[in-house]
Structure formats: structure tokens, C-alpha cells
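Here is the structure we will look at, set down as C-alpha cells.
Order as written gives the chain letters A, B, C and D; numbering starts at 1 within each chain.
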Amino acid sequence: MKNVAIIGATGFGGLGLIEILLRHPGFTIRQLVARKDTGKKISDVFPHLRGFCDMMVQDGAEIDYDGIDLAFFSTPDRAGMTLIDDFRKRNIPVIDFSGDFRFHSQEDYGVYARNKGMEDVHLAPDSIGEAVYGLPELNAEKIKKARIVGNPGCFAINMILALLPAAAAGIIESQTIICDGKTGVSGAGKNPGEANFYPQRHENMNTYREGRHQHLVEVENIVNGACGGGKKILFIPQIVPINRGILMTSYMQIASGHTTASLIDLYRNYYRGKPFVMVTETSPHSADVRGSNFCKIRPFIDPRTGMMAVISVIDNLLKGQSGNAVQNANLMCGYEETAGLMQPPFYP
Amino acid sequence: MKNVAIIGATGFGGLGLIEILLRHPGFTIRQLVARKDTGKKISDVFPHLRGFCDMMVQDGAEIDYDGIDLAFFSTPDRAGMTLIDDFRKRNIPVIDFSGDFRFHSQEDYGVYARNKGMEDVHLAPDSIGEAVYGLPELNAEKIKKARIVGNPGCFAINMILALLPAAAAGIIESQTIICDGKTGVSGAGKNPGEANFYPQRHENMNTYREGRHQHLVEVENIVNGACGGGKKILFIPQIVPINRGILMTSYMQIASGHTTASLIDLYRNYYRGKPFVMVTETSPHSADVRGSNFCKIRPFIDPRTGMMAVISVIDNLLKGQSGNAVQNANLMCGYEETAGLMQPPFYP
Amino acid sequence: MKNVAIIGATGFGGLGLIEILLRHPGFTIRQLVARKDTGKKISDVFPHLRGFCDMMVQDGAEIDYDGIDLAFFSTPDRAGMTLIDDFRKRNIPVIDFSGDFRFHSQEDYGVYARNKGMEDVHLAPDSIGEAVYGLPELNAEKIKKARIVGNPGCFAINMILALLPAAAAGIIESQTIICDGKTGVSGAGKNPGEANFYPQRHENMNTYREGRHQHLVEVENIVNGACGGGKKILFIPQIVPINRGILMTSYMQIASGHTTASLIDLYRNYYRGKPFVMVTETSPHSADVRGSNFCKIRPFIDPRTGMMAVISVIDNLLKGQSGNAVQNANLMCGYEETAGLMQPPFYP
Amino acid sequence: MKNVAIIGATGFGGLGLIEILLRHPGFTIRQLVARKDTGKKISDVFPHLRGFCDMMVQDGAEIDYDGIDLAFFSTPDRAGMTLIDDFRKRNIPVIDFSGDFRFHSQEDYGVYARNKGMEDVHLAPDSIGEAVYGLPELNAEKIKKARIVGNPGCFAINMILALLPAAAAGIIESQTIICDGKTGVSGAGKNPGEANFYPQRHENMNTYREGRHQHLVEVENIVNGACGGGKKILFIPQIVPINRGILMTSYMQIASGHTTASLIDLYRNYYRGKPFVMVTETSPHSADVRGSNFCKIRPFIDPRTGMMAVISVIDNLLKGQSGNAVQNANLMCGYEETAGLMQPPFYP
């Protein structure tokens, strides 16, 4: 049994971790740390946790490094980079939810940061090289040995899983891959404001950060790494009035000779042994994965145009965030990759 | 390990059972039976179950009585009464989800049936006397020995749990108790039609069957049994645009001398040892229990008028239906009452 | 043609006024004033207005009193009382949307203010006596002559219209009338925060300010004025996940001898000649009035308990706010009461 | 004043017509005809119409051809083709809402019909040549003289308006244009069933008829007509949980030398004098046009990839259906194109 601390416990990322770890056979939550709501019970912040987790939320100054074997930083951008040294010097492995440890160069981090409108100088540059990009379907072996894991962005996870088999097979011919992404409102975190004001979101949908969403950099890095380079992605994110879920439709030209059946084979072979990716022959609904750590993917050829399209869905808070993080933690700790994560989706 | 059959597996009641029993330590699903979708995999009916439960849906004619220790009838009204004899003669205990086994007299059943606009003659009258009303918080001892359990209506469970401590304490003075109930759309089951047509339900709310909802009879029976009789309930149900959840506000005059604090004590004492009822000092939200088997109840005195009000919430598909049914099954089989049911709520 | 200013133009109240006045035959909007977003076009604040109203939002310091014949204060509590003198001394009639001018005594205002958790000293006490409570169905003659009209609260309008005919007929016997009110999220105005954060509101419902909502004072004043006094109201407001709409269920004991048919006659007689109140024999849905200035009311007797219940619906932003305000303005200016307001509801 | 009949009055198309025509200065509704609900008042079918339109719904056998100057067929596919002769021989102009009169060849109709899974033989082939495709932004002069107008599909209107200026300018270089379309649930009409069952749609999104939606044929016809041919469209429609609205994202490669600014000029020039198309520099939300006949379009160049993208929104029930139909009727009758249609959007 490993003891963990959750830094950033009062957001949706922290909440997701708590819910998973409560039923996890190998992790015990020892500390909940946050900036807001310190001194309250976590079940006063999230009343549905009453009776399941009534721990106090502590201030960052009170972290008891001796009592923990692993830490989750479910913190906003630029928090992890100020915290990392205290964990590194004690050799406590860390999984960070922000963009702080997803990149291997200051340049890439800079593009990411500027897309989000943030300060673009990384504050812990020496830790960058050590960090592993935390997508278990791609980097399982590296993650097993990692001390710093950068948990990917929710949209990024969906896009990468949708594109990776085709990229790795070298069949993508388009220079520009189109990814049209639809997300529920929880994707923006637990930060009430105009963008997630109920009367503004209900019965509404819209695009935003068209072509310049911050998750683009990491997706292009991975896709180009898999296919040998030269691809760009045009990604238009959209918000739709649901709480949870991402539905991605991706479009690309591919080498001739492929059929829907051969693509399904290709994808199934690629994801063989990956417990959370299901390649389907019918179109997945976002509700088919809500509340679970699964990604469902349907690749096909449009017979009229010959283009390849991929439909893929995840729950942005689970496979897109805390579920994927626990999957990383399982690998890092030598547990079964699926430990604590085999919940069926929640429907209706 | 007990083997169970679910008769009526393709509705929301059946689905709820499947989801709970998949993680239950003491039950194994052996047969899924339904009228529609026979010959399909249950995961073709509910794609989110793929990989978790891919059993075939069988026709009622194919029930293998020898292989099952317990049966759930998650069937519509008047199905259970035609099925019951085949189970009774084989001594297989049954939990029925409809009104078929909630009443101890043909008269009461008749009122129930006419309120729903159905044929009002019970087809298995000799089984009526044997059936136990399946509310574990009230009838745990009887349920442990029962062979036929009538699982209560979702609204009824909420109303009874909200009123029972006050009724049993004999403090209710109103002749008429008012229950104003709000339910999500799944309460009407998986029966697409005008009443749950998306454009008709979304951004809409309305009352229906005002003062003559079919769950009234059972609630008045239980409340009058607890307080000595003479009470009537005016219940106005309402549909609001959510998937799951019941929020009930109940109003009554009570004997003088009570305070909010004394009522909370009264309720906590009454529900001591009842693992799924939580008496709270702040108003519960329906989202505080969604996805769980809990009922949260807040009783209080309105200081301006002296009236007592009770706010109570359940998930209509869990504590209001399949969760409560498994709680009954646990009692009938000598398991822990909470076995398979200690899921925290699903939020957001 | 009268020239009007809207003070508080960038909230939902101001928006509602703009939308109505754009199609009104007797009013021209001359000035839009607000604290936020000054210097922007109103169509930059509300993009759907583009092409319909592109006026600039002005600062309060720039009010041109000479150019306006009437002002709407669609401002928060305690703004109108600081603005009123400048309008009063120029004899410009005013309709205020807050609680500032709904009460005839400092005492009543104080209760209202404390229920909302505000400072309770009225800053323009000499204007209180002059103000008229702006419910056209009750006070049309007074409103015609008024210079200051306090537009009622949205819940208050619904409750009063539901209770007034019974109160005026002297048939209510309960000391305590129960009003169970459900509102959409826009009722809290355009103020993004935790209470209207999308993931918190979607798929959720809850009660709040139970028995102490600020609209209680005005409702009890009017109801007691109509019936001779002695009545209290127990009002439990609730938020449901829709944008617009109030559904109220009211309960009371009444004098014997009444039937549903006689109540419908009583209500229809009372509202004869009131163009925006429709008394119905079937239960109104909130969607039946969304987008319109109508109130639909169904009174009936529950035959089992003998109690009277009333189901009533309004659009909280129209009959509950800006529609009612324009109805007042029509009366004040000698226009047809319905001018600009005969829009059918918006469905689906 | 022209007298009109609405054939198919009880669906969403008929309802939309009624709502618009009630406020239209040039049309009077004389007859409401439908298959279902005949003998009822239309306000019993749609209670929100009470007091605004209480006409009886008549059977098709009772059409009084003498009393009408124009007919709307808001009927399902294959109804108009059986009705058309009785109107044609009396020279009554007709606007049909289905695919019956959108094509100029039996071949095209056949593809359309097979995509929808219908019988593919047209039953009134001699009327095909006479019919005009009812998109006023493209065919205003032809519509003015037409006797049979095929009102386009809702998705088709959105796609065509998004692509037409680029197509007409000859700048599209992609062979395959990608259109990723998101629609609200009312797009499938007033036909309760599994696909629009509330618990199935709420908190869910999914693709359907990927690459083979029936609106494709008409869009390719128009786009190829404008650009000289050779283009195909890959269209993936999606359903999101809102009542009304279409959000389309379209992607294509274009000739070099264009900038976002030059595209905006191109689009604004193309739509100069078209009262219902607004070309915007910021991304339109579906809520910006809900309840109105407007289409808002934002074309831009993605600087990283050089691709052109277009974001476009309409209300599927208005510009996508009945609003566009009345726009056609205005042209056919020599009225102002905007008569009865200048409603601002409905927000929130």
C-alpha cells in the first residue's frame, strides 16, 4: 500500500483522484492540499463525499513529505514547476496535471504557455528533461521508471489516441490533419466565470481558440514522433452543454489501398493489450464512456471521398484527466495498469 | 455466491441491477430475460456495458429455474403476477419492481391500478399476503425471511423516508401532509414517447397526476401504520429536465415544543444503524446522491410559521429502484446490507 | 412616442427591456446606462442584438435627463434609492426592478434587506410613500398615476397571482399557505459564480433560503391586504436546470363548499379583463409561457384531502421582470396595457 | 393580404410557420391541415398557442383550394409529391419542406431517398423540372417566379451559405471539403422515439449517417454549380443536447494569397444586400441566432496550416426551415424579403 498526497485537491482533477483512490487497492490518500478551502473538510467542499472522505484540506506549507510515497499535482499551470524541487530532492515521484512537464524543451513550453496567454519562462528547466509524457498507451515502459510524469491534456489524449495507429503505420498523407473537438463544460475546470455561466452555456454551443488551443503542441509532437514528422494539425475546439465528455472527429487523407476493415485491424493491432482503448465498428457516443477510463475509437474510410475519418470519445475528467493519472501511477508503482479503474460507464 | 436471474433486463431497472451486480461480491448474474431485444447481447442494447457484460438477452420461455437462487423482476406492472407461480413453487425468492406485490389487499391494489389507468384485478391474489413491502429501513427483519418482496416506488421511498421518523414519533398534527415531488425524466422508465421527448422535456417543467399518483397508496399505508392512522397525503409530482434524481419537499404541522435541533436528533435516532440514510443540517442537493444508494434528509422548523418541513433527495434509479432492490436481496441472502452498494455519488 | 433610458442595461433585466422596446410602438430607447461595459456597444455585450441595437453603453454620469420621458432602473438593490432624487426633481417617472420601492415602510424594507443579507437602512425614505407596487393586475389605477413604481420580484408575481383571487374572496382558511417554487437559473441574474456554475447546476436541483426568501414580505403584504390579514406564507424556493421559467405549486385549506369548477369561475371572474393571466383547466407547463408575458394558473380541489392547490407558471424574465415592467410603463403612459407585449411563447 | 394553407401543421415545421405568419403583415392562415390530431384545436396540440391561434386542424380531404393563394407543405418526404397535382392544376404556388422538390433529376432524388432509406422512385416526375431550389440568397430571382419551391434541408442551408462565396470565387482547391455539423435535437422533427428520448440525448453527443447524410446531394449540386464542379463534401453530422441550433465547422484548402481579412471582404461582398446573412469577425455562438432567421458566418485562415475554415450558425427551425420558407414566400408574393422575419434572437 502506497501513501499519496493530492496537491490541488479541491478542483475537478483532485476530486476525480479522490473518487478513484477511495476504491483503489494499492493507494491510500494521506494528505489533501489546496490553496482555497484550507481548514475545511473536503466533504464540505464536495458534499457528495460525506461519509466517504472527510479529510481536512491542508495548506501547502503543511505538506508532510515523509509520509508520502507518491504525489499528484492536480494544480493549475505553473504551480507544479514551483513545487517540484521539494519532491525531487526527496525522490518522491510526481504526476502533474498541467502543461508544466509535458514538453522537453523550453521552446515547446513557450508556445504552449503563450497559447494560453501565460508567462512563458519555465521555472524548473532542469526538471524538463527528466519528465515523461504520461500517455500509458504510448510510453508505458518509460512511465514505469519515471519520477516526473506530465499527465496530458484531455483533448490531447483524445486526439493522440485517435491518430496514433495511423501515424505509426505511416499511412497519413495529408500535411494537415483536421481535428474537430467537442467538449463538455467541466473541461475548463472548477472556475466559475462567464464562460461556464449556466444561462450562457445551456442551449448554446460555440468554437473557441480555433487553431491555437494549447494542447496542439503536445499532439503534434507525438504524432510527428510516430510518423517521422511533417504533419500539422488544425484543431477547432468547441463547447457543448454537457458536463462530461469529449467527442472528436478527425479527418485525413491516407495512402491508397486501405479499407474500413483494414483500418479497424490496424487500430486493433496497435491497441492490443491496451486495456482502456476499444476500437469499435459502430460510432461511439460520448455517453458510452462517461464515468469510465475508456476511450472508444471508430476509424473508417468515407467511400465517396476516400478520406479517412476517426470518431473518438473519452470522459474528459477520467481518461482525459484523473483516470489517466491513476493509470500512470499504477505503472509507476508496479501495479496492474487497470487497478482501481475498471468502473463501467455511468448511464443514463 | 448466489446465482440470479434478471427478468426485464433491458429497462433502466434491469440495467441498474446489472451495473450493481457486476461489482457485487455475493451475486452472479446467470440469466438476462426480456421481451424485447431477445437474441441480442445486452451490450448491444446498452453499448456502455461492452466488455463488462456481454451476455445474451433470453426470452422468458427459456428461464432455467434450476440454475438460479434468486430472481429480480424488473418488469412492468402486471408482469410479475403472471410469473410468480413458477418461482414460488420452486421456492426461488423474488424481488419485484412493480406495484404487483406492494399491497396486502386487493382493494389497495385496485386503487393503485386504477390510478395508473390499468386493469385492477390482481392475478395472483394468494401471493399477496406472503409479500413483504421492501423498504429495508422499515422492514429489515421481515425482508430477511421473505420469499416475495415488493420493491417500493421511487417517489414512495423518498416520501416514506422523509416522513417516517415524525410519524413514528406521533408528532404530526396535520390531517393532510403535503409532499411536493420533483423527479428526473428516467423515473418514467425506458419508454420513448411524447412525455420524454427531448424537445418537450428540455427547458420545461410541469406537474402531472396531481393528488392521484399511484405511489400514494403505499405511502399512506406505511405512514398511517407508523402513526396510528388518520393521515392523508397530498402529493403533486413534477418532472424537471434532469436524467436522475428526486427532490421532495414535505410540509406538515407538528406538536408544539419541537425545534430544528430536536427534529434532527429525532431523525438521527430513528435512522441510527441504517447505512443509507443520512440526516443533514444543510439542504441536500439531488446531485449529492446521484449515482449512489443514499437518501439525504433535512428536517427543520420554519420559525415564522412554526411548520415542519423536510427536504429529501434520492437517485430515483438507485435508492429509488435497483439499489434498494439489491439492499433487499442482501438482507434476504444474509449478506451485509451494504454489499455491492457503497459507491460514492457521481459528481459532476 | 416616449423616450426612455434604461439604467442597468447590461443585465438580464436591461436586456429584456431592450428586446421588448425594440418592437414597442410607443417607446424609443434613448440611453443605455450601466456600470460595467461602458464605452462598448450593447451588441458587443449581447452579440445576438447585433443589427437590432448597437447603441453605446454609457456611464451613469452621462445621463441626459432632458432627453427622456421615462426611466427603467433595471439595477441591483440599493442602486435605485441613490438615483431616484435626480429623476424625481425633474419629474421623470421611474420603474425600479429591485426591492428599493416595493415597500411602504422602513420596517418592511428592513426585513427584505436583511433576508438578502444587505444593509437595511433605506437611503431615500421620503420616496417610499410615493411608490406604487407595480403589479398591474392589482394596482392598474394607481400605476397609471404613479411616478415611482416598484416592479415586483419574479417569485412574488407568481405567488401573488396564484393566491390573490382566493384571498380577495376570503375563502382561505389556513393560517399558513404553502408555496413551493421552482425557478430556472436566470432568476439570479447575470452574475456568474458558484451558484450558477454550469457543472454545478446541470443535472442538479436544490432548495435555498427556505422560509426566508426576500420576496416573502411583499407577498404577505399583498395577500393580507386582500384577505384582511392574518396569513403567513411558507415559501421554499428551488433551482432547477433550465434557463427561464417559474413553476409554483401552492397549497391551502379553504372554506367548504368549493369545487374545482367554482374555483375556476372565481379565478376567471377575478382576472376578467386582465390580458396576461390565463386560468386553465389543465396543468400549465413552464414551457407554455416561456418567452411571453403570460401567467397561466390552474386552481383545483384535491378530492381526497379537500385542500385547494394552485399550479402557476410564468417566464421569470418577462412576466416576472421586464415584461411586467413594460406593462407598468404602458399604464403610466396611457398606452394599451398590451402594447409591445403580445408575443406568443417561444417553443420548443 | 394573401391566404395560406399549412399542410402538415402539427410538426415543428408547421408550428414555425404558424408562429411567423401570426405576426406577418401579408399572410393570413386560412387552413391548418394534418394527418394526426385532426378535429383538435392547434392550441390543444401546442398549448403555448392558446389565445394566439385556436384554429381547428383539418383532414387533408377538406382542403378548400378556392380560399387559398399559397400553400406550405411542411410535410414529411414523399407527401408533397402526392399532393402537388391538386395545387398545380389550380395554379396555387407551393413551398415544400421535404426533399421532394429539391432536385432536378430522378437520379439525384434517388440518391437522396436511398440515403434516407426510403423508396426512391419520384411520384410526380413531371413537376421536378419546374421546381426551384428555395435558397433566397442564391435563387431570389427564380424564386420570385416559381410555382413550386423546394425548401432546402437545414444542414444544407448552413453548409451552402458557409461555402458559397468561396465556391463562387473559385478559390477552393481541395477536392474534398470537410463539413463537421452539430445540430440540436429538434432537427429530427416532432417524432418521439429512441433517438430523441430524453435520457438518451441529455448529457450525450454522437455522430450519425457519417458521410451519407441525405442533405449532401443538394449541397454538392449547389457548390459544384457555383465553382464549376469537381468538389465532394465529407459531412459528418452530430447531435448535441440542445433544442435548436446548428453549428458547422467547414475546412478546405484554398488558392494562395488569401488572408482572413480578404476572406471577410469576399464574404461580405457576396452577401451584400442579403438581409439574413451576417459575416462576423468573431466566432458566432449558436445562441446568437436562436429564435431568428439569421445565419452568422466567420471565415478565416488558420495561420499555422494555411487552411481556410468557416464557422457558421443558424437556428435549424427558422433559417433552417420555416423562416427560410417564409422568406421564399415573401419573394414569391412580391413582399419585402424580410416581412414578418425581423425578430431578434431569443436569449438567454
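Worth pointing out:
We take it that a residue touches a chain if its C-beta (ideal position, glycine included) is under 8 Å from a C-beta of that chain, and two chains touch if they have at least 3 such contacts.
The model shown is predicted, which means the values in this text are computed figures rather than measured ones.
Shared contacts of chain B and chain D, meaning chains that touch the two of them, come down to A, C.
Between C-D and B-C, more contacting C-beta pairs join the chains of B-C. For the pair chain C and chain D, the distance between C-alpha centroids works out to 38 Å. Centre-to-centre separation of chain A and chain C, using mean CA positions: 46 Å.
In this assembly, the C-alpha centroid of chain B lies 39 Å from the C-alpha centroid of chain C. Contacts with at least two other chains are made by residues 12, 186, 199-200, 202-203, 241-244, 284-285, 287, 290, 348 of chain B.
Within the complex formed with chain C, the chain A residues making contact are 12, 185-186, 190, 192-194, 196-203, 241-243. The residues of chain A lying in touch with chain D in their complex are 175-176, 178, 180, 182, 199-200, 202-208, 210-212, 232-234, 236, 238, 240-245, 247, 249, 251, 283-287, 290, 300, 302-307, 309, 311, 348.
On chain B, the positions that touch chain A within their shared complex are 12, 15, 19, 22, 46-53, 186, 202-203, 243-244, 278, 280, 282, 284-285, 287-292, 344-348.
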